[in-house]
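After this come two complexes, each holding chain A, first together with chain B and then together with chain C.
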Partner chain A sequence: MSTLSIVVTLATIVLAALLALLMIPVLVWLERRVCGLIQDRLGPNRTNLFGFRLGGVVQSFADVIKLVVKEEYYPSHIGKGRWLFVLAPMITFASALLAFMVIPFADDLVLYGERMKIQALPVEYGILWYLAIGSVGVIGMVFGGWMSHNKYSLLGALRSASQMVSYELALGLGVISMILTYGTIDFNAMVHWQSGTVLGFLPAWGALVQPLAAIVVIVALFVETNRAPFSVAEGESEIVAGFMTEYTAMKFAMYFMGEYVAMNTASAVIVTMFFGGYQLPWLSTETLTAHFSAVAWTIVVALPLFVWFFIRWMKKNNTVRPTVSTDWGRHFETKVLSVVLIAMTVVIDLILIYISTLPEGSAATTVAVTLLQIAVFVMKLMAFNIFFIVVRWTLPRFRYDQVQTLGWRYLLPLSLLNIFVTAIVVVGVLS
Partner chain B sequence: MTNRVKTVPRYNKTAKERLYLPAIFEGLKVTAKHLFVNVADINAVETLEYPEEQPTDITERYRGLHRLTHREDGSIRCVACFMCATACPAQCIHIVATERTDGIEEKMPQIFEIDTLECVFCGYCVEACPCDAIRMDTGIFSVTGKRREDFVLTKEQLLAHKSAFGEDTSRA
Partner chain C sequence: MPEKIILTLLGLFLVVGALTVVIARRPATNAIGFLAVLLAVAGLFALLNQSFLFLAQILVSVGAVVVLTLIVILTVNLKEEQFPKERFKGVWIVGASVLTAPFGWLLYKTLVSVANAFPKTQKGFGSAEAVGKSLFTDWVLPFEILSLLLLAAMVGAIIIGKKEQAYDIES
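Let's look at the complex of A and B:
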């Protein structure tokens, strides 16, 4: 292995860890802010560091400090099983985190004749890894519910386990029809397949080629992540906090964060399998590399426009009403953030202009294409995370029996039907 | 027996309703609309920035913190009849009576304490008072303190509270 590939691999691992871990405070904050705005409230917007509120995202870090210094409590009846009681949330958290590691953030980087995967775990069986590791998380929930030794915890653990069993089938079968379509189990190859067009003009995204499988898999992934409307494993009115009832402080936070990492992972899988992954629609990696100067100039023009609109929005909204006497330094914050944003825009634009003068296919162009694809992936990921959050605050929860009915009586037959149709089309018509 | 069976129409019969997804998108449309409208203009959200903005919709009927009313000459109205303490369901009013020597009345409270941590703000003391000596028209809705004792309002504190709606002396 050359120094270059080691550097790229390390950078990819750091990127994956940051994307998974830094996303947690952002998602927790987004959940509360989006929920508030949907319900015509404001959500957390006060916490600040030296007057910098960043819209309130500092609140999440304050919450983490609170959870770290809270009292650790163990039910007295655990006895010698305390290690398993502590291990359970770690299993849930770690499995969600590991499952994220096979997502490709950009196309293979070809530099000086070396081909490097922009994937924290450079494996070629990504979807199998996700199915295998992603569902280990429920074992942590079952351990936690069983060790807590009370009825609410046990019921919550049972519900999450049975829910997982029911929907794993629909999920697996939905994924099989996608594997049939793409002819591969490698996430990166799946994204490659999606960079073409279908019917001549639509991007060949999985959601457009296989809408039924997309619905089945997205619904199943909502269940896998235990999110509303399928959050039957916990419910204040029925079983307190489900398997988390006896958990306090950081152990509780592990479960809590694991849920958000799982949601992030599920979004990444959905984006990669059904929404073109890191690809811009109609622009495959080859097109991007070949015409990078045109793309660069588009960004050079579009980025300042976008930043201008954002600063205008910030000036209007990072304020308080005239009836409020103090604005807690929001005016100053807006100024500083505007300067930082403008400086960043200028730097990025200068770099892009410099790159666009280089000949096509140079190393700088290749790296720039990779960075662009990472940015596109992160944007799609955020969009899907917000979709998860908006769905949670839109739909009422399903009753437990309705969850099972939907899984066994609707999604399972649908996914089976979809496999038949896909197989007939792929094997009978196309070959 | 007459036929009084009434068939209630069920609403999940059409294919569109049974498919469930169109309804989900209808719901998403509503929530997304709220989200985008509020993101575009966050100060238009109808809410109070509470500690800086105070509520403006407190009416005369609002049961705020208690106060003891005065006579025209500024002395205490209360005659220590214990009606309010008797009526209080939370038993949070503590009165010790003493003799009144200025000839206006025979009795007055020496101690009149209300434990606001016990009080349920039902207003029965105001109803029970035959002299209009206790009222809840101060408009004060938040009591803060660092110790439990801070929440026990003494006679002096109760007398010092002002009505939020003009008229300070009692009508009785």
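Let's look at the complex of A and C:
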């Protein structure tokens, strides 16, 4: 282990932890704002720190303070088993967080003859790890629901367990057909496979090569995250809050954060398996490295344009109603953010111009390609997180029997059929 | 040296978890002990560099078996007063320990004598690829027969589960 690889490994682990944990407040805020958008209202946008509202993200930090200082309440029957009661949400949270660690954020970084994986856990069995660790999360829910000694909690726990068990079959079979297609269980190799094209012009993304498997796996992943429309486990119209009825303050927050981390992980898996992972369509890592100066100049031109439009949008929208005379510091916030954005753009542009003058294939180009891929990955990840949120606020919650029917009657036979077709194509036609 | 420390810790986990499963009175504590045992076994596999066995252990034992066990405990929902009365508990424990002690000694002797007699593994041994290849070339017949066995077990389970309904149809 050289110093370089240690630094890269540490940076990757920090990046993975940040992407999983710092995403939680952003996702909570996004959930409420997108929900507001869909229901034709604004959502939280008033909370501020010294006049900075950042569109309302600050609200999430206020929520954190509220949850931390809230009264800790334990049901009276808990007694000595208190640590078990607290352990349950921790299992759910930890398993969601660990499952995120095998996602590759960029292609292998080759610097000075060393090949380093941009993956917090540099293992070669990524998808198996996700399936294995992801299935542990339900134990936390069942434990929590059971130890609450509450009929609602018990029902919620049973529902979530049976739902998970039934959809894990469809998920596993869908994943098997993808493994047949890619011929690997390594996430990074899967992304490599997707860098080509199909039919000559479409990017060879998993969703375009295997649309049926993509639908099955995405639906099954929705169930794995326990989110609407599959949130019968916490159906508040029937069973109060399901397995988390008796949980308060930070113990509740642990379940809550676990749900968002699981959603983030599921988005990352969908992006990696079906939407080309960290890759830009048509541009594989080799192409990017070979023609980096062209890519750099595209970004140099496109970034200021994008920032200019964003600043104009912000100036137009970051105001109180025209009838209100005071602006509560919103113009000041717009000004400061504009200056910060412009400064960032200038710095990034200067760096990119400097790199584009360097010879192709130098160390700086390789690092820049890696950073670009990380940015692309984060963008795709956010897009799928927003997809999850939009689906939650668009579809009503399925009834329990509908959930089971969909899993056993439709998804399971479909994924089995898909395996047969895939096997015939892969073994019979392609080989 | 780090391996030995990890091995000791995992062994400790294993023994404490197993004892918890047997001794603890609250079903919740038992279940946590069971979970700890299975995770410790998975950790032992990981320590031996058997990535496939490690993942299969977590996937099957932790992900499926523990959840199903939990559901069973949860549905049965035993109260402490429903437990059978255990008289002569001390006598049983002492008697069983005395009876099993020779076997423990035998086990220890066997393990010590074969400890260094195992062949060295090659590189890649125990990875998912290697396991899959050997399973579908050298062991393909036993593997397929095993699937028949599982099918028979599943059919049996369905028939036992449907028993009452079958009676209804007959009568």
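Rule of thumb we're sticking to: the second predicted complex is superposed on the first by the 431 of 431 C-alpha atoms of A that agree within 3 Å, B and C clash if a C-alpha of one lies under 4 Å from a C-alpha of the other, contacts with A are read in each partner's own complex, and residues count from 1 in each chain.
The criterion applied here is as follows: a contact is a pair of C-beta atoms (placed from the backbone, for glycine too) under 8 Å apart; a residue touches a chain by one contact, two chains touch by 3 or more.
Owing to the predicted nature of the structure, the values given are computational and were not obtained by experimental measurement.
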Touching partner for A:W146 - first (chain B), second (chain C), both, neither: second
Which superposed partner A:M244 touches (first chain B, second chain C, both, neither): neither
Partner chain in contact with A:K316 - chain B first, chain C second, else both or neither: first
First (chain B), second (chain C), both or neither touched by A:L171: neither
Partner chain(s) touched by A:I215 [first = chain B, second = chain C, both, neither]: first
Which superposed partner A:L42 touches (first chain B, second chain C, both, neither): first
First, second, both or neither for A:V8, with chain B first and chain C second: neither
Of chain A, residues touching chain B in the complex: 34, 37-42, 215, 313, 316-317, 319-321, 323-326, 390-391, 393-395
Complex contact set, residues of chain A against chain C: 81, 84, 87, 123-125, 128-129, 131-133, 135-136, 138-139, 142-143, 146-147, 154, 157-158, 161-162, 164-165, 168, 185
Interfacial residue positions of chain B with respect to chain A in the complex: 21, 24, 27-28, 30-32, 34-35, 38-43, 45-47, 49, 52-53
Residue ranges of chain C in contact with chain A within the complex: 26, 28-29, 31-32, 35, 51-52, 55, 58-59, 62-64, 66-68, 70-71, 73-74, 127-128
